[in-house]
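There are two complexes below, and they share chain A, which is joined by chain B in the first and by chain C in the second.
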Partner chain A sequence: MGEPMRRTHFRLSPSQKERLSQAQERCREAAGSVHASAFVNVGDTILVDYENGFLRGHGTQLVDGQLLATVCGVVERVNKLVSVRPLRARYNPETGDVVVGRITEVAPKRWKVDVNSRQDAQLMLSAVNLPGGIQRRRTATDELNMRDLFTENDLISAEVQTLHQDGSLHLHTRSLKYGKLENGHLVKVAPYLIKRLKQHFHQLKQYGVQLILGCNGYVWISAVPPSSSEMEIDQKPADSESRQPGAGTSEGQNVEITRDLRVRICRIANAVRVLGACGFMIHPDSIVDTYEASLSWGIEPRQMISGEFHVRVVEREAEQRSKKG
Partner chain B sequence: MDFISPEGLRLDGRRPLELRQLQAEIGVVEKADGSATFEMGNTKVIAVVYGPREVQSRSQQQHDQALVRCEYSMASFSTGDRRRRGKGDRRATELSLVIRQTMEAAILTNLLPRSQIDIFVQVLQADGGTRACCINAATLALADAGIPMRDIVASCAAGYLNSTPILDLNYLEDSGGGPDLTVALFPKLDKVSLLQMDSKIPLDVFEKVMNLASEGAKAVAQFIREKLMENTKQLVLAKGR
Partner chain C sequence: MVVGLSAAEKVYIAGGIAADIRGDGRGRHQFREFNIDTSVIPQANGSARICLGGTDVIASVKAELSVPPPGRPNHGKLEISVECSPTAAPEFEGRGGEELSMDLSRALQRSFLGGTSGAGAAIDLAALSIVEGKLCWALYIDGLVLSSDGNLLDALSIAMKAALSNCGLPKVEIIGGTSPEEEPDYELSGNPEEFTRLETSLVPVIVTLTKVGKHYIVDATAEEESQMTAAVSVAVNKKGSVCGLTKRGGTGLDTSVLLDMISVAKRHSAVLRRALAFAGLFSSPNVEKRPVSFCLLLFRRLDANGCRTK
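Right after this comes the complex of A and B.
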């Protein structure tokens, strides 16, 4: 213990604090496979094999022939490439990432989208599907009607199309699974907690909830759209060209969501929040696990974002990890 | 006034070459990209960093480097006499500039073109050495935000009272009328980033005081390193796998 923990933003009683730091300690011991030299601070020397040469990656700099870290984080080595991966940094985009973002501005022929990156992403008018799925050149009329597709403060899901040298990034929504997000719940977590996977759209059928884990740390939780409940969201149906964009949600309409479903959505959202606050990896398994734990402990969704639940989740994780190790 | 007793102790019981107790906490503001509090004895400062993010006013955007902004303010409850101190007065403007320039020298701004970094620093308790404390807090907050930097910046003040060089002045010593200087340096690169002194002292004395302040800054740097390493380890190990 002794070691002060990173501040958690839940109010904790002294005994809860004690339990939390004990559980965190056990978590750390169980995960103790990482070698100490893997961690670096800003300005620390990174040990490399100077004789065989190395490649300077992100998060490093060369000063007088010495390789120094420029961020705090973990050293990663791939063959000769040495880089440092920062932890609580902004989203670092890569081509092909699924992201959730918010439109900040409608500009000529493009939308500006906040994706928690170093600058706002651009979504070109030519990179979206027109309603009805018609393929044609975008005309001046289309440009005038851009607000019919997305307006300021709309939430969208999209994919990173290209990254540019100057750090700007372009998105596209040229697939049925991307588009406007409505009738759901957005939770923001630190991007480093979300791993890049094959699949970022998840349907938790048992709860009737759909989950989009944006690589940028924005998590979208909504009801499973009725039209896609029979089909897999990734398999495009034959008549995909004729359907509207927006992951099957009926655009611009408020769908009736039952009270039960709302509670389930909130429970999932709070599970994501708590995992984010604990600093645990966020993937469907861990979310479902936390969800089930809250149910079995008989905890109301609103009590999930209290200190007690937070402490119990950490304690539970510590137990699971020490069993595994 | 005697600032050092015949036994060689200062007003607060320290030796002339002693730092005050250091304390720091990282991640104090949930919504910010990076945040930290830093305490040097009774001086306590909170620093919060937002960014790198989209530039707010387009005219200020720089296509080859990041825009760094800094705002320094003092809480009205930070001193004994409660006074409203905004961010607009002369002292605050000067300090904002000093902190901005010091941090800008550390940040690798060329890696973050077309973006903006905001640093907000507020003094919660003032007991001398706020300048140094602000810089130390800002370093921690920037490192927490994962912003690439040349090196950490560590800062410390020193003065010359009763013909003795004194490290890390508190409020009473600061207002004692003797010369005082603040140093901020890059410990690994061994370079000075800030050196500020508003009074005249003989060159040989200056050298002594300057060396003392540098030594103090290096000690602070060691403390900052330990704090950052602790924080990094905690985040990585909590994540697991």
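Right after this comes the complex of A and C.
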């Protein structure tokens, strides 16, 4: 919870610091994929082929005939286009992204949603499924009852429908898998740690935990909603439209959360926090991996946010990478 | 700080506290891991920074030579103030943080400073006197909130205690002017080896117990604080006596609950004090300008009741 990690919240003793930097060094060596010169700081010169010409992309600037980086990040080249992708930035939306957001405002015919982007996203009343599941024109009555669907501060999952020239983005929740989120909690990480995958809704059946990895860096971890416990949510997007009306919003479906389930949710949440703090990619495999590692080391959930666990996770990652390489 | 939570999240937080497992895995009576850095501000006489989870505060002690307060010629001066930086939350910009700063500094003043006569202060004010009626030390203790994730008062009290322990007052040599009519003539020692430490053993630490639903918790995060019905901050000194008590939130508390809270606060303050003393072993007063960082793995030493396990 809280702000995305601006700096490390965990504390390290000198020996742990030493171990961490060694492990990070080994990670870098093992990776070998990204050359060190691909990383630039603000004001660094970017090597380009001046003779054949190049196109100046985002995050760069021409100063005295030299191409300089204006942000801190990774140099990306597509044919002649040279741009710098910033490492720490707000969420850069793309059409089709699954996001988790918080309603900030109920406006005429639309909701404003905070999705960790530069602007609040807009969710039009016409872009949601009405309870009852029938497709019809939205009436003035629907507009008056908007707060029955989503109200301020509600957390929702949604998909990016369109991006506009002015930087605004529209969302939609026109599938039963999207809607209000309940029975869990939110963890915020840096958006670049979440890769766009085929699936962003995951049910970790072995733990009874549902995971929504929002492309915007908001991760929702909750108990598996009862309506979907038998079916794979992502498997049947096509026929889900015709299913039980209003089931997608899962409203009022408060499942009984046992203490054991809470511990599991918490362990998953802390695994996400640790991966986020260490700067490792966050996907179901890495989360489950960290979860199982914490179990096998006999570490309690609350100890997972300590410095020692972070160091061990990085060391473990270094080992795995060097094995692969 | 304004924390927006959906109804479902509120239910989840309250349920977690009832089940004795909070969002980050802690039980009800467990502190977050924290870290103390001392001598972080070279210009101050004593300073400390504490990071408690996402909460980050700095306290500094600045000593000035001053004239004793009227009516108390053999006393020094002690002042406490707290400021909330806009880096902590956008709401603190301009005058936005004023209300919270006032609340925090008032609670700290109540527990650290004595009555108007100066009796009962955490620091012996008579020890700050240099020349009776003419010259004394004035200590300005300032707290700065850099980042806020709940439990600011406890963090500030720990930081202030650490800063006071870290404080070294340079030696003052009186050269002349000791007779009642004359202005005192003095010289400050420039030797960094010559300093006096303050007696800080009686400075209390504050433990805040936040009541959410039917249960109370220690070291609440901002999300948990937004769900509180009442919060009791207990300042406990070395002897285990209660030095100050501040209650926030309008809900009434049963006397038995209050007594329970005080005993939990006492247990926690003992652990915090030990941690501070341990950090103090490695720190020296600011005169040497050597920053010292110290890491405390608190919750490993605590079981669910806040008792030390090993």
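Here is the rule we go by: the second predicted complex is superposed on the first by the 278 of 325 C-alpha atoms of A that agree within 3 Å, B and C clash if a C-alpha of one lies under 4 Å from a C-alpha of the other, contacts with A are read in each partner's own complex, and residues count from 1 in each chain.
The rule is simple: a residue touches a chain if its C-beta (ideal position, glycine included) is under 8 Å from a C-beta of that chain, and two chains touch if they have at least 3 such contacts.
Every value quoted in this text rests on a predicted model; they were computed, and no experiment measured them.
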Chain B versus chain C as contact partner of A:63, first or second or both or neither: first
With the two complexes superposed on chain A, say which partner A:180 touches: chain B (first), chain C (second), both, or neither. second
State whether A:257 touches chain B only (first), chain C only (second), both chains, or neither. second
Which of the two partners, first being chain B and second being chain C, lies in contact with A:119: first, second, both, or neither? first
What is the contact status of A:28 with respect to chain B (first) and chain C (second): first, second, both, or neither? first
Touch check for A:304: first (chain B), second (chain C), both, or neither? second
Should A:79 be classified as contacting the first partner (chain B), the second (chain C), both, or neither? neither
Looking at the overlay, does A:193 come into contact with chain B only (first), chain C only (second), both, or neither? first
Please write out, lowest number first, the residues of chain A touched by both chain B and chain C across the two complexes. 3, 6, 9, 104
Would you tell me which residues of chain B are touching chain A in their complex? 25-28, 30, 33-34, 51-55, 63, 108, 112-115, 143-152, 186-189, 225, 228-241
For a test of understanding, state which residues of chain A touch chain B in their complex under the given definition. 3-7, 9, 24, 27-28, 30-32, 34, 39, 41-44, 59, 61, 63, 68, 70-74, 86-90, 104, 112, 114, 118-120, 166-168, 192-193, 278-281, 321
Considering only the defined contacts, which chain C positions touch chain A in the complex? 4-9, 11-13, 15-16, 19-21, 23-27, 30, 33-35, 51, 53-54, 147, 149, 221-223, 295-297, 299-300
Contacts from chain A onto chain C in the complex sit at residues 1-3, 6, 9-13, 102, 104, 152-155, 180-186, 254, 257, 259, 262-263, 266-267, 269-270, 273, 300-308
